[in-house]
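The two complexes that follow have chain A in common; it is paired with chain B in the first and with chain C in the second.
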Partner chain A sequence: MNLLRLEFYKCRRRKIVLVCAAVLAVELIWIGAFFTRQDAEDMKWGWMLLLYNLSTVDAIVLPLSVATLASRNCELEHKGGTWKLLETMVTPVQLYDAKLAWGALVLAVLLIVRSGLFLAVGIAEGFSGPLPLARFGLFTLLSWTVSMMVYALQQGLSLRFANQAAALVCGIAGSFLGILSMLFPPALVRCVPWGYYGLMSLVFMDWNPVTRVTRFYWRWPPVTDVVLLLLWAAVFLIVGRTLFVRKEV
Partner chain B sequence: MLLRCLKAELQKCRRSPVWLAFVVLPIFPAILGTGNYLGNLEALENGWYSLWSQHTLFSSMFFLPALLGVFCAWQWRLEHTDHNWNSFLTAPVPVRDLYGAKLILAAVVSLLSQGCIGVLFLLSGKLAGVTGPVPPELPEWMLCGALGGVSVCAVQLFFSLVIRAFAPPVAFGLVGGIAGLMFTAQGWGYAFPYSLLCLGMRANHPQMELDLLPFALSALAYTVVFTLLALGYLRNRDIAAE
Partner chain C sequence: MNIIETHDLCKQYGTALRVSHLDLQVPEGSVYGFLGPNGAGKSTTLKMILGLVRPTAGSIQVLGHTMDRANRLSVLRQVGSLIESPSYYGHLTGEENLRIVQALRGVPERTIREVLQIVRLDGQRGKKVAHYSLGMKQRLGLAAALLGYPKLLILDEPTNGLDPAGIQEMRELICDLPGRFGMTVVVSSHLLSEIDQMADHVAIIREGELVFQDTLEALHGRSRHHLALRTTNNAVARSLLAEKSIACQEEVGYLMLPILSDEIAAQLTRFLAESRLGIVRLEERQKSLEDIFLELTGKAASL
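On to the complex of A and B.
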């Protein structure tokens, strides 16, 4: 607990809030720009359209944002050369866990605020139908889980390599694969960690090539996908932590 | 003096794997673009031109700005670390040459990445069995793309100079790329540096006529303005070495 508090203390001037605000602003502007270009016919899908697009925007914006947050929190130890000092007081495992918990909390706050913001947008726009509070909650939880999986990967990289270029290039590749994975054959998407943003979407689109009608529908993410997601997270966590623990400081 | 600075910058790059990102990462869009092209042959009937649009669709908007951002951030990172600011600014060289060398190197990398994209484009076209002659405009697409890339580099170099951390300027590059997409969609592409990159490459619209004069003027203007800003910052700010 003390370690976690210290993580927040270390990051107090590192403009984490600014990074999070930028993420929110980008998502808000993107979705806003998207909705202004829809006609009344599309707008009747309201909440579904919003959640569908949010998962697409997530797949592009979040991988690099998560990489940035992880890099901000890990870079300072490399810069300050604090490893020797820290690891004489606590074990590397404790340190790793504290940093992961910091990421989990920051991402949770970011995503909860994000969901609140978009709920407000939906209400302000006057979307039809009942307020899908439960689905928004589940959506927040799912995007948090995917983000944590990516965070575990990014933290591993940021801790392993002092040069943050490695982690950031991975983040860029993630943003890129995240969006492109929506064009992949379904079996392949599951092999791309960043593809889970799209895979976990609660709304799917059905486009009929004959009638050219687009239809959205709710669905629950399949259990196998959730298990696979947790598996990916476990792999990144274990590999990242082992590499960090064994690293000579 | 500029030449010597350039040599020094090149020496700093020795053995650094940063170039690897520019070679490896464009392979993804190439494979995916080709796959997408082959999957939608009935809708994309314009041979090489359709293939180019598929290749550049995402890369010019999300990918290249952030990647150029990584290179620019990496260039300044060398100075931000290990007390290098002291030796950098006390070198008996005008700051404009120090900065110029970095900008030229970034421009070269921008050109190289375009070359890499071009080679991958030709390769995947041959592999996918695209018939017809290779579009004669290809060198122009690449050159204009590189020129747009230079203005992005100038902007990114400035931000990486001011923000002394690696990640935020890179994230800024991605945001810029997304904003560029919106500016292009609104028709204000010529007025925004990140749009110049995808306009120059004719991403999405390979047969679009580019207004060369406003394009070149805008690219030049952004490059000059951000270079002056960076030089002003270097001259007037006290750079405390970390």
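On to the complex of A and C.
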């Protein structure tokens, strides 16, 4: 707990809140712009349309945002050459875990606030149907899990390379692949870590080419996809942590 | 009692043996100068002592404990260090930086103010470290190492990059520590003059090998006196000296002779004058620490 508290202390004046606010602003503008272009017929899908689009926006916005957060937290150690001081007081494993826990908490708060914000938007817009609180809760949990998988990858890169360009380029590529992967066949999407934002979506769209009618429907993420997601996370965690622990300062 | 002992310590990177069979013995309460040219293996050795770099072979004892993975951090609780360059968070103030170290070391909060006073940074504690000068950063690094008043302080090139005033200030601070707080200080440097002014014990390392380890006094004792003779014709003088069985060698226009008694020196000058050679200079010289360092390391020391 002491190390986790210190991670927050170290991130003072690192504009972490600003990064999170920017993520929320981009998502809000994006979704807002989307809904202003919908007609009454489309708006009847209300909550489903919102969650479907949030998954899409997540796939674009979150990979780069997660990369930025991980980089902000790890860069300060490289910049100040603090590894050789810290590792005389704590083990590299403890350091890695504290940074991961910091990322987990920041992302959890960000995504909970994000969900609360869009719930409020939905209520304000007067979306029809009962308030899908449980589905929003699950959506938040799934977004957080995918983000943590990506965070483990980004933290590994940010810790490994002092120059944060590598990690940030990976984040940019992730944002691009995240949205592009939605056009891939499902089997291929499973091979793209950032594609899980779309793969884990609770709402799917069915477009009938004959009637040209679009239909949205709720669905539970397949267990195999959840297992694969956890597997990706485990691989990034184990590899990132091992490389960090083995590195001599 | 030795506060640090290494036995047969080695570090190999690829095929290159950077530290080779090092047996260091650092006496308690001393200022131990660890001297060597750049790239000699000083930092690698100090990092191995701190457990930041894994030795390829050999063992390390610190404060009477053989260092291993299990006890490393508990032993290091009594060790402060400043390796290569100071570690700091530029976006935090000096005091905030020390608060992080204080929390990790688990030492009382009041020590932050105390160490800031010791390194004379008390007036700058609220300033972001990014705005500190290099000398101030170095002093902050020393303050972080001093937190909790450890028994052993390991300082790797603490004066690197400092201006002459900064070097003197840092030197004064370091020299003060054993007397004031009963600390043992290991200080590495490639600056011979620095070690000469700070240390009472010295080890000299060359290409990873220990070439000297003893008191500074013993190192000074190695400096031999000799006579330097300059004549109007050194080549002829040399052959005449050989006839008299006086060994000599020529160095930059001088013939270097062993110390001779006054009587023999007088006879010698007379003999050379009778041989129609003019004596331009005859002076007694002492081998400098610089010469000894050069002899031991094969490299020129920075002064």
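One rule holds for everything that comes next: the second predicted complex is superposed on the first by the 249 of 249 C-alpha atoms of A that agree within 3 Å, B and C clash if a C-alpha of one lies under 4 Å from a C-alpha of the other, contacts with A are read in each partner's own complex, and residues count from 1 in each chain.
As a working rule, contacts are C-beta pairs under 8 Å (C-beta built on N, C-alpha and C of every residue); 3 or more make two chains touch, one makes a residue touch a chain.
As the structure is a computational prediction, the values presented were derived from the model and not from experiment.
K.L.:
So, does A:82 touch the first partner chain B, the second partner chain C, both, or neither?
P.N.:
second
K.L.:
Would you sort A:12 into first (chain B), second (chain C), both or neither based on which partner it touches?
P.N.:
second
K.L.:
Kindly classify A:33 by the partners it touches after superposition: chain B alone (first), chain C alone (second), both, or neither?
P.N.:
In the superposition, A:33 contacts chain B only.
K.L.:
Thinking of the overlay built on chain A, is A:177 touched by chain B (first), by chain C (second), by both, or by neither?
P.N.:
first
K.L.:
Look at the residues of chain A and decide whether chain B or chain C touches more of them.
P.N.:
B
K.L.:
Applying the document's definition of touch, where does A:145 land relative to chain B and chain C: first, second, both, or neither?
P.N.:
In the superposition, A:145 contacts neither chain B nor chain C.
K.L.:
Considering only touches as defined above, state whether A:165 meets chain B (first), chain C (second), both or neither.
P.N.:
After superposing on A, A:165 lies in contact with chain B but is clear of chain C.
K.L.:
On chain A, which stretch or stretches are contacted by chain B in one complex as well as by chain C in the other?
P.N.:
On chain A, the overlap between the chain B and chain C contacts is residues 14, 79.
K.L.:
Quick one: in the complex, what on chain C touches chain A?
P.N.:
Against chain A, the touching part of chain C is residues 47, 50-54, 73, 76, 79, 81, 83-92, 96, 99-101, 103-105, 144.
K.L.:
With touch defined as at the start, can you tell me which chain B residues reach chain A in the complex?
P.N.:
18, 21, 25, 28-29, 32, 35-36, 58-59, 62-63, 66-67, 70, 73-74, 77, 81, 165-168, 170-171, 174-175, 178, 182, 242
K.L.:
Please name which positions on chain A make contact with chain C in the complex.
P.N.:
Within the complex, chain A contacts chain C at residues 2-3, 5-6, 9-10, 12-14, 76, 79-91, 248-249.
K.L.:
Can you list the chain A residues touching chain B in their complex?
P.N.:
14-15, 19, 22, 26, 29-30, 33, 60-61, 64-65, 67-68, 71-72, 75, 79, 163-165, 167-169, 171-173, 175-177, 179-180, 183-184
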